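Two complexes come next, and they have one chain in common, chain A, joined by chain B in the first and chain C in the second.
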Partner chain A sequence: MRNYFSAECFKAFRRKYFYIALAVCLAGEGLLLWSYWFTYSRGNVHISFQSTAIELLLMLSFGLYATILLGDVVFSDQYKWGTLKNEVSYGVSRSVIYLGKLLAAGLLSVVACGVMMGFYLAGCWVLFPHGAGDGLFFQMLGYCLAGALPLWISALAVIMACFFNIRSSTVGTLLAVGILMVLSNIIQILGLLVNDVFLKIYEYMPTVIVDNLKNMAFDWSYVGRAWLVGAVWTVGAVAVGLMGFHRSEIR
Partner chain B sequence: MLNYIKAELWRIFHQRGIYLLAAALSGGTLLFCAAFHNGSFQGLASAVCVTMIVGVLAAPALAQMVDSCAMGTAKNELSFGLTRERIYLGRLYTSLLVGAGLSLLLVGLSLGGGWLLLPHSAREEDWVALLVAGFCIAAAFPVWCGMLSACHMLSLFFRGNAGWVAAYYLMLLIGAPVVMLAAVSLLNQLPEQGSVVLQAVIAPVVLMLPGVICGQLNWEYQVLCWGVGLFWLAGTTVLGLTIFQKIEL
Partner chain C sequence: MAESVLVTRALTKQYGGTAALAQADITIEQGQIYGLVGRNGAGKTTLIRMITAQTAPTSGELSLFGAEGERALAKMRSRIGSMVETPSFYPYLTARQNLEYYRIQRGIPGRRTVDEALEQAGLADTGKKLFKHFSLGMKQRLGLALALMNRPDFLVLDEPINGLDPEGIVELRNLLLQLNRERKTTILISSHILTELANLATHFGFIDQGHMLEQCSAQALEERCRACLELRVDDPAKAARVLEQVLDIRDFEVLSGGIIRLYSHLDHPERITRALVESGAAVYGLDSRGANLEDYFLSLIGGVHHA
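Now for the complex of A and B:
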């Protein structure tokens, strides 16, 4: 497993794809920082480290959908190019292949998250004035990250299950988007039409929890709910993905 | 060109994908209508007005119906003697036609089904609600076409489909709000209308947000939507055609 994981990381970190995607995201953050600095330099007194850095907490759902891109960096149309059957023919067990790629995508995600958040926060720290609210912001950041992390991991598990079990990467991507984005809305509608129990289920959907985290500070039982939901979705997605991959014919 | 479009339509309608997409969108439409009709056709028509963003969200799936194997088969089409321009534009026109057909299906299901099955209030109120829904759809249509053209360009430019599809949704969900935030900060000195236009040009999805639609039911909004939609349609077509003429197939 260790050698396979190293090989996957070597491949992922050697490709330009990851760095181009990261550069585009950092450019977007740079644009935002520049726009805030522009208005601050023209006398806007409402701009501060806290008021700009807190925008990060409004974009926690980015971590859910960014896993699709990061999963694609690692998996990258292996059914289309026929390289997956080469790995299986070589003798690597399907479990090692699946978990190795999942862990590699996870490492990529941690690096990307660290770089993007670090860049934005460093920019806000350096460019804008500080105040008494800084401490509160960091507490909020810690709270939101504690809740979002297991949900981001569960999204990665879902996307990898889709990539491994659907031959078309586009259909896999659209299915993952459907599960992450659309499913919660369908459950909400079912709650309005059919039974209130669906509204209860809606409250336990990853997208809903991620979007609601910033409003629930500092209710640590809500973070507990995030960890429980994240663990269930992760274990479920890995189990379904692995089982499907073990049974599928790889052409 | 017509023969090429007919051939593409034949291929698309002999595959499962389009029927699965139509079924999924129809199912979602029926669920939405069942949940939000508020007991009358007027209520349904009002609810339909805030669903225009669905066309923008469905664009990548529609583009993939037409372009999923394009980069693999394009060299065969070129060898046959078709020009690159015909291949690019033929697939674009096909995707726009299929998109228009899907839109008609969903509008027919929602508004047509609602007109037949739901109770009506005063006739004049129903017609006004229908006109407002028609106004929203007419404003959204060019934006849908612009986004579909952008997806068509991306699907022929990027070898990996998952990457651009993921990037498209990320741009919609996160990129558009970031652009709006940046625009609000940078363009503080501009008149509000100028700021709105620039945001719409950079991120057309903002025109489809329910909050924006509800407050902008005027002819300026209609003109803005047509301008932005046609700008994106023309711009992405020119850019896509230029790239497609130069890349090695």
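Now for the complex of A and C:
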């Protein structure tokens, strides 16, 4: 497993795709920072470190969907290039392949998240005035990250299950987007139109919990719910994905 | 006795109701170069894909180096180097990066391993050229480099000559013969180019429509394909006496149906017929025979097909 994980990292960190995607995201953050700085330099007194850095909490959902991109960077269109045969023919078990890629995608996500958050926070820290609320902001950020982390992992697990079991990465991406984004909306509609049970289920969807985290500040039972939901989704997605991958023909 | 590298018993792969490979019994022993001969869709690649875990058999048994069962087989597969169908690599990496990726993944020690494999395959000078810009021949060479990188005990090559230029074909042949001779590497090789197989293989397996038709050594095949004069006579016993006593020919065999095969004096059929006729043996027919691998394969599958 260690060898496989190392090799995946070797490959993923050599993909221009990863750096280009990261650069685009950083450019977006840079643009946001510049727009805040522009209004601040024109005399907007409401601009501060806290008021600008708080944007990060609004971007928690973005982290959920960014995992699609990072999963794609690691999975690398294996079915399109036919490279999986090089791995199974050497006796690398399919479980090692699956979990190795999932772990590598996790590491890549942590790195990307660290770089993006670090860049934005550093920008806010340097450009804008500080106040008494800075400490509270960092506490809030810690709380939200603690809740979002298991849900991001579960999103990554769903994406990898789709990539490993659907030969077209485009269709796999669409299915992953459907599960992560559309499914919760469908369940909500069913809850409103058919039965309240669906509304209860809706509250346990990863997207819903990620969106709510910033409104549930310091309710640690909600973070507990996030971890429970994240664990269930992760284990479920890995189990389904692995089962399917074990049966699939490698070409 | 040589170790069995590959043994299959009644190995079968079905897709829907169609058997891509049916009840195949194959034994490949250490040190053999086993040439797998068959048409497109005969089941060669299906067999190779089962050996290399790309697809699971529907039924039957497969053992590698004496090991059976998924766990043990997976372990033994690390002793195999393979190239199945078209070589597949990451297009955005160079040859060296692709091999380095697999070296790390497989836990093969020493960075020199990659250089050696590239040199062996004639790709040492590809530099920063990405795999997506490689020619078919270069891709084939990189596939071979990967197959050789772990110094395999068993090399499984599916159509390795595809895309290689004549020089590359000669280099590959010499390399395989060298590996077989020096490292005792066992080789399973399938190819459409039967003349190339004839130059390499020590054993042959003929496969058609998912069925193994025949397996034999190159020596036995040579015996079967040996050039001869085939006579059809009315009295084989009398004809045999004439051949021995009058013409002093010993290298012949008498077959059923009044057929006699002579393996010497092939350049003098007129002398033989004259002696037989003068001795009162009627000769109904005389035919010059001899086959190459291609002819033999075609005769096995019962007609002219494109191998």
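Please note the rule applied: the second predicted complex is superposed on the first by the 251 of 251 C-alpha atoms of A that agree within 3 Å, B and C clash if a C-alpha of one lies under 4 Å from a C-alpha of the other, contacts with A are read in each partner's own complex, and residues count from 1 in each chain.
Simple rule for what comes next: a residue touches a chain if its C-beta (ideal position, glycine included) is under 8 Å from a C-beta of that chain, and two chains touch if they have at least 3 such contacts.
Not measured: the values here are computed from a predicted model.
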{"item": "Three-chain arrangement built on chain A, chain B and chain C clash or fit", "value": "fit"}
{"item": "Partner chain in contact with A:250 - chain B first, chain C second, else both or neither", "value": "second"}
{"item": "Contacts of A:87 with chain B and chain C, given as first, second, both or neither", "value": "second"}
{"item": "For chain A as apex, the angle formed with chain B and chain C - C-alpha centres, to the nearest 10 degrees", "value": "90"}
{"item": "First, second, both or neither for A:115, with chain B first and chain C second", "value": "neither"}
{"item": "Contacts of A:126 with chain B and chain C, given as first, second, both or neither", "value": "neither"}
{"item": "Touching partner for A:38 - first (chain B), second (chain C), both, neither", "value": "first"}
{"item": "Touched partner set for A:76, first chain B, second chain C, both or neither", "value": "both"}
{"item": "Residue contacts on chain A - larger count, chain B or chain C", "value": "B"}
{"item": "Contacts of A:231 with chain B and chain C, given as first, second, both or neither", "value": "neither"}
{"item": "Gap in Å between nearest CA atoms once chain C and chain B share a frame through chain A", "value": "10"}
{"item": "Doubly contacted chain A residues - partners chain C and chain B", "value": "17, 76"}
{"item": "Footprint of chain B on chain A - complex, ascending", "value": "17, 21, 24, 28-29, 31-32, 34-36, 38-39, 42, 44, 55, 58-59, 61-62, 65-66, 68-69, 71-72, 75-77, 163, 168-170, 172-174, 177-178, 181-182, 186, 189-190, 192-193"}
{"item": "Residue numbers on chain C that touch chain A, as the complex places them", "value": "49, 52-55, 73-78, 80, 82, 84-86, 88-93, 97, 100-102, 104-107, 146, 150, 156"}
{"item": "Chain A residues touching chain C - in the complex, by the definition given at the top", "value": "3-4, 6-8, 10-11, 14-17, 76, 81-83, 85-93, 249-251"}
{"item": "Contact footprint of chain A on chain B as seen in their complex", "value": "24, 28, 31-32, 34-35, 60-61, 64, 68, 159-163, 165-167, 169-170, 173-175, 177-179, 181-186, 188"}
